[in-house]
Amino acid sequence: MNWTWFHKLGSPKWFYQWASKWAGKLVWIGLLLLLIGVVWGLAFAPADYQQGNSFRIIYIHVPVAMLAQSCYLAMGIAGFVALVWQMKLAPVFIKSVAVVGAVMAFIALLSGAIWGKPTWGTWWVWDARLTSVLVLFLLYMGVIAIQNALDDQVFADKAVAVVSLVGVINLPIIKYSVEWWNTLHQPATFRLTEKPSMPMEMWLPLLFSALGLYLFSAGIAMWRMQTEVLKRERKANWVKQEVMSDGI
Amino acid sequence: MQKSVNLQVNQLYLERGDRDLCQDLTFSVTSGELVRVAGENGAGKSSLMKALLGWLPIESGQIEYKGEDVTVHRDVLLADQLYLGHTPGIKTVLTPLENLRLYCPEASLQALEQALEHVQLGPYADIPAAQLSAGQKRRVALARLWLTDKPLWLLDEPFTALDHAGVLALEAHIKTHLDSGGAVMLTTHQTLLTLSAKTVELAAA
Amino acid sequence: MNYTSFFKAEWLSLLRRKQDTLNALLFFVMVITLFPLGVDPSSEFLAPAAGGIIWCATALSVLMAVEGLFKEDFNDGSLEQWLASGLSVSVLVLLKVLAQWLMVMVPLLLALPVLAQMLFLPWSSLLTVMGSLLLGTPALFLIGAIGAALTVSLRRGAVLMLLLILPLYIPVIIFATGAIRAAQLQMSVSGQLAILAAMSIVALALAPVMTAISIKASVN
């Protein structure tokens, strides 16, 4: 089998040039979609018949929570790639995405708490989903912490790959166990899952803001990866040329 | 039994953080040869050994052992070598004898005691290694050289902790090893007293 | 070096450091003592909470025992010798964890009946507590070994290791305390215990490999 495409993807230089073309576009398109989705959702979509206007926070909360999980999944896959194929770019990806994911998990917790106050009358309940997002946030912080603690680049790259992979294997187990624990503890008083099926005019802005946030974050992550690639390949000739041509 | 060694290193490129340790380094280690890795402090002598053992990633280059490409999988090379690093893996809660028994389980008690005699540690055989000096601890590790039949020795600064007599004894033992078809690759700051070596120079680029 | 001589040397080293084992046990006792002192000493609180208290104390003691698992091996160059030996580092890790597990868990299980009494744990559920510890703690040790290997080169790695590893302990703690609660309600516990065993088996398959990768990366 021909693996050249795979090695090409792993080449920092090729990635840098590819990302230069796309990162900016992704960020702006994503931002536009996100803006449309959020403004539409907050100002024009009809109010929920049960929760009133407070439900509108889903236009932020749901995309953010989705992204927080997707980021970790992507990091786990990158960890696997880093360990098996030793691809140079995989640890760069993990390092860049970890921060984005951690921020998303944090916003998800925060917006969840803000939503919880008017809806459930309390900032926090030990709901299965809330607990697993909290654990997810801690897993992100673990990746970031070990990345910062280890000075040796080679060891740090291996370490984040191991932590991401171990985390992604554990994530479903944690989720399952927390759900099981939750049903044991309390009957389903406050379940986020029992939403009335949404009408189109509520659902469409959600789609816009979710798609927008994904694209926006992908662009931001690519920017972060570009910076990291420049830093790591600082000795390479193409980096020197790149920096010179920017007039620095 | 005649030992045989044939290690070929081709156009090795190593870097550590920001520094190039070597570029296009080509050398060989074959039966009967003593190879000395030379270079200033921090030139990457230990790193070169670790790269050969497969612990430090290689940027480019190729390593062959006995005609087999071992650049990706070092198993064949690992099976044939004995490595003693800066810190040679001596457990301080165990006695020198127990330490040697860990590394050389098939040797008889008599052989173990003899090996300790060779490094002038005979009387210390049953004292916990925590009570030995740094030099004595290193000598416990060196005693393994009298107990092994591995053809390729990779020794990182083996002479640092030895007195004059100790150096002579070790050099004599290395000589016997070379004569029997073995090979040694070592790093040292000291001049070799009785042996002549092929030098691999690690110069900072 | 071969696997037998390695295990013998590990076991001997642990025996020479009896104080470390004793410290882990004392730490376990201390954490358990904190609950009646800090929350509520009445049997109405302690009896139903005993299982959870014992498991939290166990998880913390295991982390403390495992945290420095490879530190000395890293400092004295033993890790390099493991890698140079040509033996499977995963198997060496497994043997080392096994020795450590025996050294920590046997005294802990022996002390448990007394401590369980101090927490007013009903006799009927003591067996379930012991069973959950036997089946669940291998997973704690094996997962902890990954964290120990990752933080081996850090001088103050303990807190980082807690941050990395404790979230991964959550499922084990949930099912273990679930089993104990079920036992106190006279319900069947085999399901939860089977899940604990399954988690230990998965950890047995994956954790030594991950630990070996981290050990290899640590010596460069």
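Chains: A, B and C, in written order; residue numbering restarts at 1 for each.
Methods note: a residue touches a chain if its C-beta (ideal position, glycine included) is under 8 Å from a C-beta of that chain, and two chains touch if they have at least 3 such contacts.
Since this is a predicted model, take the numbers as computed values, not measurements.
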Set of chains adjacent to chain A and to chain B: C
From chain A, the most remote chain by mean C-alpha position: B
Distance-to-centre winner among chains (Cα means, whole assembly as reference): C
Chain A-chain B separation of Cα centroids, rounded to whole Å: 48
Chain centre separation (chain A, chain C; CA means) in Å: 32
Length of the line joining the C-alpha centres of chain B and chain C, rounded to whole Å: 37
Sequence positions of chain B contacting 2 or more other chains: 56-57
Where chain C touches two or more other chains at once, by residue number: 216, 220
Residues within chain A bordering two or more other chains: 154
Touch list for chain B against partner chain A, complex: 17-18, 56-57
List of chain B residues in touch with chain C within their complex: 47, 50, 53-57, 75, 78-79, 81-83, 85-94, 98-99, 101-105, 128
Chain C contact footprint on chain A (complex, rising order): 83, 135, 138-139, 141-142, 145-146, 149-150, 152, 154-155, 158-159, 162-163, 165-167, 169-170, 173-174, 176-178, 180-181, 184
Parts of chain C lying in touch with chain A, wherever the complex brings them together: 143, 146, 150-151, 153-154, 157, 160, 163-164, 166-168, 170-171, 174-175, 178, 181, 199, 206, 210, 213-214, 216-218, 220
Touch list for chain A against partner chain B, complex: 86, 153-154, 234-235
